[in-house]
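What follows is a set of structures for review.
Common to both upcoming complexes is subunit A, partnered first by subunit B, then by subunit C.
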Partner chain A sequence: MLTEQRFHEEIKSFVERMVSEKLNWSLCENGKYAKESHLEQLPDGRIISAEAHVIYNSTYQVPVIWFNYFENNGTPLQFSTVVRDVLQISEEESDASIRTRISHLEHPFLGVLYFNIHPCNTSGLMKELKTDDTYLLPWFSVYGPQIRLRVPTF
Partner chain B sequence: MDYEVCRKVWESQVPVQFTLHSNSALGDPLPFYTMLPRYSFLALAVPRVLAYFNRREDGEKIVIDQIWLEASGSPAKMYAPVGVLYDLQNLERDQILEITVKTSSPPPGFVPIDRNAMEAIFMQSIKEADYLKTKAATTNNMQKEEYAQLWRSVTNNNFDEYWTIIQKLMEEKDGKEFDHIPLRVCMKNKPFKQILISSKDKSGSLITIGDAIAQVLEDSAVADPSDFRITSHGIDVPPHTPLIFAAKNMAYPDNFVHIVVVPKL
Partner chain C sequence: MLDESPRRIYSQLSLCDTVGSSCRLSLSHESFKPGNAGFVVEGDLILYNTLENFKAADKTELLINLAGEIWSLICSEEWLENPAALTQFFIIAFADLKKFKYIYWTCVPTFVYPADIKQEISPLPDSSTDVLFSYHQKTGAPIFLQNSTSSELLPISALSQVQNPDDVRIVVADPSPVTSAGGWPCRNLLAAVAYLKSTWQHCHVISLRRSASIQVKYTWQRPNDGEEGPKPVGWERNAQGKLLPYYVDLSGQFDPKKLMEQSVDLNLSLIKWRLVPDIKLERYSQLKVLIFGAGTLGCNIARTLMGWGVRRISFIDNSNVSYSNPVRQSLSEFDDARHARGKAETAAAALKRIFPSIDAVAHRLTVPMPGHTVDEKDEKTLEEEVEKLEQLVKEHDVLFLALDSREARWLPTLLANKHRKIAISVALGFDTYVIIRHGIGFSSTEKKSNLEGSSSGSAQISANEKVPYSQLSCYFCSDVTAPGNSTADRTLDQQCTVSRPGLSMIASGMAVELLSSILQYPEPLEAPANLGEADDSATILGAVPHQIRGFIGRFQQMTLCVRRFDRCVACGDAIAQEFHQNGWKFVRDVMNSPSRLEEVTGLDELQNSVNQVDIDFEDDDSVLSL
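Entry: the complex of A and B
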């Protein structure tokens, strides 16, 4: 569990650390959350823009990754394109199963649907990790790669 | 839980008009009129609406991926309870909620969602609400079939099925009171607001809807809360209503109490 206050203290150094690794992170809404964006290429050659946000969830008292992918004209990609073509999750896992951990929900600051990686197991999982010095970096090393975000070496 | 209150809340419906704006050379079909349960979602109604619009054999077929919905000039959230959308319009009693179905390019971030995506959003809300109430003690012990039953009751408008499962979700586990109250506060053209709030304050007295809304509005820097109506299910909620009563009897099937705050007319 991470208090909201500690999240706000840590999110600044988290972003600084990412920037020092030449990753495109920044703070949004006066430091309420952090944002990353980059371009990706789909298997069919299309270029899409990727956006990921790290936002505090007061219910579960953990950070959550929110993300979306957009076509050139700004249209968000559909669920099936996201999970199969971008995240490349095997067809062996059904849509219904994927949706128990990755699905749409209203973005707390933008008010439109974004994908989020469900926070219901985060706090249990974080008990297994060492979080004395920093909570966000070990947390991100587990959750970032799930949507293929680059993790700094630490 | 009060059976009569829950049943009344469940049975309440609102009139909705769907109008197609497709710029078709053939012109657009007449609007589609329907009554929708307040607890339901536009995402569940849209397939029926499109089937109606697509009846003309010579017309172009409209599919869900190409549409977006608008209510009085703003994008309409397909995943919000219909009752919330209705109350946000601040209409006179029994006025029709007018939804425009558009095929033009959607506003930034609009995602049309199908029934499966809607189900996922609904289930995540159920789990979050239960985490707030019992730290997930109830949902962790629910069978897969019980989740399916709950969703089926919503999609099939079956109160009896709903009643058996909702009692379990509203039960206080081992006599332990709910930790927190699942409450979402909705204002027009804004993301919903959620705060971590208990049913009682430190001195043990019950926290009311009025207290909770004051706290949310303070965070949203609303100038004067007395300029606003506090509504849910189409009625003005007495500010002294205890949160715990609202949570058990006025929650939508997603297990959240949705309070709509609109300017006084």
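Entry: the complex of A and C
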């Protein structure tokens, strides 16, 4: 569990750490959440813009990763394309795959549809990680790679 | 007219991109506010009120105007104090907010100046750029200087004192992902340097990126003195490489109707992803369902079908919503009763309000019923009605018989049998319900062998025997009398359906779930039923019983399986034959004299053969006819 206050404290150092690792992170809405964006190339050669946001969820009291992918004219990719071409999750993958935990919901700040990974497992998982000094970096090392984001080495 | 004057916007640039071939100018909702963190370039958004205005805008003049501003910054050397102003952009756009279609075109002006630029590139190790990065981050300067010998970092304004181009490296934050060339911001920088230092014919530039920074030695021809402002370029090419605007259709993202469609589909996909991976959802989405009766049962059946993603639902009903209806009929309201709207029309309209993408159709039709006599003058109408009904049955895949009287189910049963449609009867007593999936009509090839099989097979019953879909009974198979007018000689309270209110919800839900299981059988029209216990391994959703009977008094439910009766008054062979030959005239005869059915099927002989014996037909069924 992460209190909202601690989230806002940690998100600043989280972004600083990412920037120092030459990753394209920045704070949004006066530090309410953090944003990353980069370009990716799909198997068919298309270049897409990937966006990921780290946002606090006060119901579950954990951070949640929100993400979306856009073509270069701003059109968001279809869910099926995201699963197949971006996240490259096969249809046959087990129930534990994140495919079953992705939701398509209204972004808490932007009000448009974004994907997120449902936070119901986060709290339990973080207990196992024993996060005494920082929460966000270990959390991100679990959730970032699930949507193919680069994680700094610790 | 709404304001068409330019709005200032701010775009964050990324130095981290490594794929693609162009610099990314990305905008978001934050772009209207200044003061974003990171590397920002400024520009204008010109949003036109009409597509005509967008098209009529003078693109050349727009480009020349902004390019002229930038060129005057270069001439006045103001750019040395404000190097960010060298890279500016503007976007012209028109948004069709009703159709969620957008057209836009981006212009980032730059100059074809100086002439004949050549580049000589050498890569830079990331380690050597760390210090440049810290400076860029600390000062926010998009362009600055590095002394070639001392490596000291200076603001770009120091360039005016530099005499020898080899004394400095000009560092530019370069968002291009291409390592074989400097990015777009380098062009105006070169123009500015070449103008400022009219004697220089080369300079050293570092394109600063998070990874793969490059150092470039640019050389050029000395520009002619006294030249007027150089020729600007800058409109973005579209995906086909043409100088044309971009069109974007975002109706899939913003049209609330499409959003709902996607959400409905996604929700159903969760069944597939999480619970039943092999489920064939398209069997619901492509299904055409015809519901006879838009009362409590019809409404609840339709609502449950919608939940399964069924998109095409038609109702047949001939009556209007009355004041007693809305509390039970989940698709009608007080106003519908007050205006005496048709039940079918009301139900279809409600479905569309609930889910605008649904294809719901209402047919105001009376189903011809045995025993409800028809006058000669109405025969023409009857002929049309029979024809219309048969056409509707043909056009749909599944029929639900949710009519409130027994005899009203007769013609739909006959038609379903003739056209081999899945037909499910749902009927209510006061606290009992029955759901029957009618045996599917024989296909022309199996007809004979199956008829022979049935006569020999019916003698022996084994618990696990599977009865083919074509051998299952219909709603009327257990009857030994023809259906008649069940509302004649009844008082008002006897004519109304009186049942426990929850019954309709339960029975409708059961009926749709029976259909949902049938549809998952590899060949739904061949789904057999088990004679004994329901076999829940029959389909991926479980059993496909023939009949479900529930008793709310005891909160119990059971499944049954009954074979078809070859002398049935609705699905019997002789009836099919007779209807095939005489069509609506046979229907007319039956309406005027239901005993015609007994003659045709030979039931009358059967009755005579058990002369004087009281036939005690099921009590349940007589209640069910209410």
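Everything below uses one rule, namely that the second predicted complex is superposed on the first by the 146 of 154 C-alpha atoms of A that agree within 3 Å, B and C clash if a C-alpha of one lies under 4 Å from a C-alpha of the other, contacts with A are read in each partner's own complex, and residues count from 1 in each chain.
What we mean here is this: a contact is a pair of C-beta atoms (placed from the backbone, for glycine too) under 8 Å apart; a residue touches a chain by one contact, two chains touch by 3 or more.
Nothing here was measured: the structure is a model prediction, and the numbers come from that model.
When both complexes are superposed on subunit A, subunit B and subunit C end up clashing with one another. Of the two partner chains, subunit B is the only one that A:60 touches; subunit C does not reach it. Once the two complexes are overlaid on the shared chain, A:3 sits clear of subunit B and of subunit C alike. Contacts of A:39 after superposition: subunit C is touched, whereas subunit B is not reached. By the touch criterion stated above, A:123 is placed in contact with neither subunit B nor subunit C. By the touch criterion stated above, A:112 is placed in contact with subunit B and with subunit C alike.
Of the two partner chains, subunit C is the only one touched by A:19; subunit B is not. Residue overlap on subunit A between the subunit B contacts of one complex and the subunit C contacts of the other covers 73-76, 78-79, 95, 99-100, 104, 110, 112-113. Residues of subunit A touching subunit C in their complex: 19, 22-24, 26-29, 37-41, 47, 49, 72-76, 78-79, 95, 99-100, 104, 110, 112-113. Put simply, subunit C touches subunit A in their complex at residues 12, 14-21, 24, 26, 28-30, 36-38, 102, 126, 133, 137, 177, 210-211, 239, 246, 248-250, 252-254, 259, 262-263, 266, 270, 273-274. Those residues of subunit B whose C-beta lies close enough to touch subunit A in the complex are 65, 75, 77, 79, 105-106, 108-111, 113, 116-117, 119-121, 123-124, 127-128, 131-132, 136, 180, 189-192, 194-196. Residues 58-60, 68, 73-76, 78-79, 95-96, 99-100, 103-113, 118, 120 of subunit A are the ones touching subunit B in the complex.
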